[in-house]
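Please find one structure pasted underneath; my questions will follow.
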Amino acid sequence: MSTLTALARARAVASAVAQPISTVRHVHVSDRPLVLIPLALAGEASAPLAAMVGDDPGSARLLVVAQPRNRDQRFAFAAGLATVILGYIDTFRSAVEDASSGADREPRQRFADAPQVLVPNRAGIGFVRLLGRSTRFRRSDGEYAVDPAVPVLGRWLTFLAERAEYPGSCLLLAATEALALHWASGQSPVEDLNLAALLGWVDPPSGMTGPEAAAAAEDPLTCPPAGPATDPTFDNEVLAPLIAACARADGDAAAHRAEASLRAALSGQLTPTWKLMWRAVGLLRGLPPGGRVAPRWDADKDAFTGYVTYLGEGGPPQPRRDSAVAAARRLDWLERAQAGYAIQRALDDPLVMAEYRMTGEAFAGTVTAAEPGRIDGTGRRRKLRPLITVTTEDPVRIEAGTVLSTPGRPGQKALVVSVYAGRPARVVLELSGGMGRALIPVPGSVPEVGDRLCYTALSDSYQRSWPFPAREQTPWTHGGPPPEYVPADEDASEVWS
Amino acid sequence: MDEIERTIERLRAEVRRAAVSGDRTRARAMRAELREAERAWDESLARLEERPPASLGSAPVDQPGPLLPVREQVHQALTLLGTPAAQRLIIAVHEAFFGSPLAAARLTSLRRDEERSFRAAPYSRPYYLCTALTADLLAPARGLLAVSTWPIERRVIGPLSPRVNYLEAAIRVAESLLRMPKPSQAAERLLRRFAANIPGAADGARPKDPHLVVAAAHAELEIHSAEDGSVRREAAARARARLDDAEQLFGSRMRVIPRTGTGA
Amino acid sequence: MTAADVPQTSAEAEAAEAVAGVLAGLAGLATRRGPGGMATRDGPDGLAGLAGGRHRGVVVDSPPGAGKSALVVRATVDLAMAGEPVMVVAQTNGQVDDLTDRLALAAPRLAIGRLSAADYVPTPRVLRHLTVSVAQQAGDLAACPVIVATAAKWATLADGIWPWAVIDEAYQMRSDMLLRIAGRFERALFVGDPGQLDPFSTVESDRWLGLAWDPMQSAVAALLRNNPGIPVHRLPVSWRLPATAVPVVGEAFYPFTGFRSGTAPQQRRLEFATRGFAAWSADEPIETAAASGWALYELPARHTVRTDAEAVVACAALAERILQRGAVSFSERAPSGELVTADRIAIGTAHRDQARAVRSQLGELSVAGVTVDTANRLQGREFDVTIVLHPLSGRVDATAFHLEAGRLCVLTSRHRHACIVVARAGIPELLDAHPSTEPVHLNVPAKFPDGWEANQAVMAHLSRHRVRA
Amino acid sequence: MTIEARLDHIRGAVPPRNHNARTIAALTSNPGCARRAIMDAAGVDKQRLASCAGFPAPFGQSQFAITRGNAFEAQVKANGCAELLRLLREGLGLPLPEVSYADLEEVGGNTSRELRHSRTRGLLARAAASGADAGTLFDHPLLRLAVAGQQVYLEPDLIAFRLHGQFHVVEMKSFAVIDGQADGDKVAAAATQSAVYVLALRELLAGEGYGPDTVSHEAVLVCPENFSNAPVATLVDVRKQLTVLRRQLSRLEHIDSLVELLPPGLTLDLKADEAGVAGRPPAELAGAIRTVPARYVPECLATCEMCYFCREEARGATATLGRDVRDDLGAVETVHAALGLADGTLDPADDLAEAAAMLQVAARLRREALGGTA
């Protein structure tokens, strides 16, 4: 949260409609995302009750568990979900593209595109994670055999859920979070967790204000929750009788009738959210993508390609918990990704950069003086070191000696020579790089008086990561090397009830 | 049809509103209407399919009706266990060793029926299904059924008795399993559940050997039986002295300040 | 702290004994190196806290100013003298340079290596020692029995094994950092202050909670959870904190262990060369602080932005006034008193922008040389007088950040003589209204002291030294 | 008029709502809210009140969750707590003989609370007195706790368990522990509830002359493991929760200071008829409620039955946007003021000057980036 976003929320309240907090889109939106809306049975760790899933707004697939406490029916559900999701994933495993980046690196290929799964909210991601956990260790043989597709589904769901922790990854997204990244509503972040309410603010139905739409969205009767949790009164007054009816249905016809009305009721709970999901997709598509969205999606494609290969080589399922080394390594990845993602968004989006200008870590202003031809003769050989003075209204909190750069001129460094902090503030910068080899700068390579520029210490230049010990070299301080994973009977037999 | 469908939708909504606003009376009324509408819906559908409507509450077809009256079944199970037991266990035992499952619904009223019939005509039946008695107050022990022909000692529940009964039951189950030519899955599962909670009875996740369970249970029994026995004998004596026949079977409902309490 | 070398008072004796105990423990471990240099056999019973046996490390908890650095230096020198090459690990370049300096002074003939990153510029206090050589490759320092570097630098080494590591500020090091350097040593001495700020991460993730090797916890926490037998010693005496501060800081931040003051109540005094005027509002608080060791300078209640101008001005004005009045500190070091100069005064804040605001305010008063920084950066530092902008001052409600016990502990335990806390009125009410909604995680040891409780305790004490603006 | 009498009058002509560990634990969720403190002290049925005032709370429990919870508890306690005993043996090293079991749910078929409580008291006192390590399980002990000066009974869903001279609280919850982790908020709630029981147990035993250490600050939390019904036990340290609870309970002791601020004769009575249908006009009721100051924050939406009412009342306050937002708006109280300051249409009182400066920079930066709009 920041003052800019807070102000946007205040404006949203006043103008009764959500306010933009970005000028570009920061998430990748696939041409063919898979929308997944799971419902879980109240009171259980991850007992699927139903799911609406599909990559075509026109045709939703509804999966229902008539007896959520029945183990076989749960795995039947998992198998059903597997056919949809694995089928979807498979469609991305044909087309490849060249991914050999950098002159030195040997040519490399990756899949030309990757799957993108959209769930309504963070809890939906949690459900994906748990369903993955409860299925990935299953076996298709032995006493507790399940459909061979089930453990594969489990691994993919786990892969997606783990990827969703990775800042900037878009393989698995929560609609509410994707929206909240671009719009500030006039309600609290807690209330933004409700997809319908948030969409109500962002894009109120005609004839309604944002707050009106949000209020309507809070009535579980007119607007059922987006899951995985269901509304208690629906459970008690509608679901329970229908499930009971299925249980005592006498004969195929009755069973069929009972299940039909159960499906009807659940479909009634899911369809509104299904529509909202695709509306959200439309809204996001409407935003122009930021320049660094595509490169980030490439990283997702790499991850996808990597996991396909891993599965192909028969790698074991993801462990229950990270080992000491795996944990440290993952934390390192996450922290780098976090930093990189924050900076990339700032460089892509002046409104995000404004957050840094607000805190004084960046400033934007006009060049009021320039010595493009200045030569630094102090060193052994003379160097071209132009000086420019930038005048800005921003609260500059950068000390002299800091090295800055500006989004438009990646190759050029700017050393802060002096700062006259005041309103306006004046910052004198010494430029180096990006001006050609000669002692005279290439035309246009030095900002001219009147140019408007934004300078910041942020840079997404790559910092190298230092080695971690190998798993089998886990030091004594961290419990020594962990045992290798061997699939145990319990993994496969673990009761799911 | 659509008419009914709309009614159902409307009623569902109203019931839920009533439930949220905590207006129980209204909710109850609406709920009744709703169920009625749903039944109507079901029947009309059935009529469309020219099939008899699902008779509500009827047992699923795949389960054959009980061959014996329920009290006989319970008696069977209790006799096998040889200790007072709760519904869940009785049902599990019956399913494991006598095939047919027991309808829990029928069990709930059982104890009351038995007491009524005993008070009406004492000892006119070979046995009655009665309660276990709490050792301190000789009151009916919650949820435990026993057999009238057992000595009171066996029906008394002292502080250690639940555990002792559990261990004895485990032994009996294991032994009956050994006697079976081909134990049922259910029986195996039942033994497994017992073994899991008796130290040393389960080697690994699934015990294969009933003998192990018997041995382990006996080992733990050793520790408790003496103390438990004396409590039971003392209580039984008190029961014989203080309680009339009916009370001896179905427990005293005297409103006593507990002998063991310090009082309010 | 060198006072601990020649025991005089009972406190000194006690402290010296504790240090001796640790060193004995190390010696015990050192002498029990088996073939291959692995210390794995059980220790003889006599050794302090080593009854557990089979452990390869010792932890020493040190309350503020209890001679942690002195211990690090002595342990390092002792081990090196006993012929055991030592890798010394600190967390920041500043800390590394300080240690290098102190080591070189303590053992003038000991060759010390200062291992550094490429962009490191050696500081004067490192350069002045001929026995110290600076290099970027460990290989270039092979001749040095003692090599000092930041943990981050040590983590870049892929090989080499030192029989001993001495790890300073171990509670500020993160578990994942320890994981990366632990391959470089066989046994280690971990020294740190458990009461200070925990290491933090820029990412929020629950996925490792409950694991003994959670990479986000402190190195010591990970070490102890994975090696429960490891002995933990405590330094019992604070030489920095005056007798007036020890009970407060001890009760609030070290509730289970506590510690005592190395100086008697009257040994530390603060007097002013010039008299104040009742009119001048900054005089009362500094006089209260001089007399009792504490003052709460309370501004009228108000909800403010983080950089509350009045509070900022007050902090700067107090520092200025202390200098104007020519404060003189009397202590065991200077029984006849010494002038409290600007470099002996610090102003501590919770946020960087607050520190910036105070700095520029001092600039306008043209007061130079006073240290102004956030709690994170004041860790391990020592001053005569500190002025603290209370983290909760002017806030509508508290957050985990502002409540963190370590933050307040650092801010209120840097001083040798007096601490003046500047705050808006209403903090106790704010604390009472604070909802306790923090999640609880299974198998994660509850963190003590609890920030909410610690804040209550400190405010309760400060209210006895309140001066209203 | 005594404080009790005033609270009774505020509540109106209905018996006070029973407290239980959950409601007492809830006292810590927004202790700054006088409205909630008073209603809880008076035992007002907030759910009913809110809906009669036209703002029914979004709460309710699914029968599936309830069934699951009961089934799990029943299973763990079946056959003299056979499964629980195994967990205690494995987890706490309970030795073999320590297995006696006392059911306190009823006394000789009698379920009167006084009787159950005195019996609980008796048995626990006896256990505490017996030097022998009587490792007994006490099922459903009925405890009491002083809340706002009144002794309230705690409908217990726990087992007290004594080992090595110390009582432990055993709490059964049906949320899952998966690979050693569980929902942090649910565990927190469970921990606070356990703390309530620890407090009540300590109070009871103090009455018998035993010190607080007689009851351990480590509660035993029993939950289903992973996706099965198999229970797993975890020790939870509830010291923090204990301090918080003690403090909030002691503040409720001084509820009178809050009550005195209310208009005399204030009542939240619903004027319900025999059928329980409220007869009091919602508007009038709402008016009465508003005379009790509230402190709404969005977190209330998850914890308090009055939340929708208070949220509506707080419209336009920056607090409704969340703590962080209000913070980032420089603690300015209303949205109107924040925007006024940002746009310079409202000239700031000196205590808002800094907030205004900050907001104006923010407004300018947004204008620059978005071009005129916003």
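A, B, C and D label the chains in the order they appear, each numbered from 1.
Criterion: contacts are C-beta pairs under 8 Å (C-beta built on N, C-alpha and C of every residue); 3 or more make two chains touch, one makes a residue touch a chain.
Values in this document were obtained by computation on a predicted structure and should not be read as measured data.
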{"item": "Greatest separation from chain D - chain, by CA centre", "value": "C"}
{"item": "Rounded Å distance, chain A centre to chain C centre (Cα mean)", "value": "39"}
{"item": "Centre-of-Cα separation between chain B and chain A, whole angstrom", "value": "52"}
{"item": "Distance between the centres, which are taken as Cα means, of chain D and chain A, whole angstrom", "value": "35"}
{"item": "Chain A residues counted as touching two or more neighbouring chains", "value": "220, 231, 233, 236, 321"}
{"item": "Sites on chain B at which at least two other chains make contact", "value": "19-20"}
{"item": "Residues of chain C touching at least two other chains", "value": "211"}
{"item": "Touching chain combinations (by label order)", "value": "A-B, A-C, A-D, B-D, C-D"}
{"item": "Complex interface listing, chain C residues touching chain D", "value": "206, 209-211, 302-305, 307-309, 394-397, 399, 432-443, 445-446, 448, 450, 452-453"}
{"item": "Footprint of chain A on chain C - complex, ascending", "value": "56-57, 155-156, 158, 175-176, 178-180, 182-183, 188, 201-203, 205, 207-208, 211-216, 219, 222-223, 226-227, 353, 356, 360"}
{"item": "Residues of chain D that touch chain B when the two form their complex", "value": "47-48, 51, 56-58, 60, 74, 78-83, 85-86, 89, 96-97, 99-103, 105-110, 114-115, 117-119, 121-123, 125-126, 136, 275-277"}
{"item": "Touch list for chain D against partner chain C, complex", "value": "28-32, 177, 180-185, 187-188, 191-192, 221, 234, 236-237, 239-241, 243-244, 247, 251, 295, 297, 299, 323, 326-327, 330-331, 351, 353-355, 358"}
{"item": "Chain B - residues contacting chain D, complex", "value": "19-25, 86, 88-89, 134, 137-142, 158-163, 165-166, 169, 196-197, 199, 220, 223-224, 251-258, 260-264"}
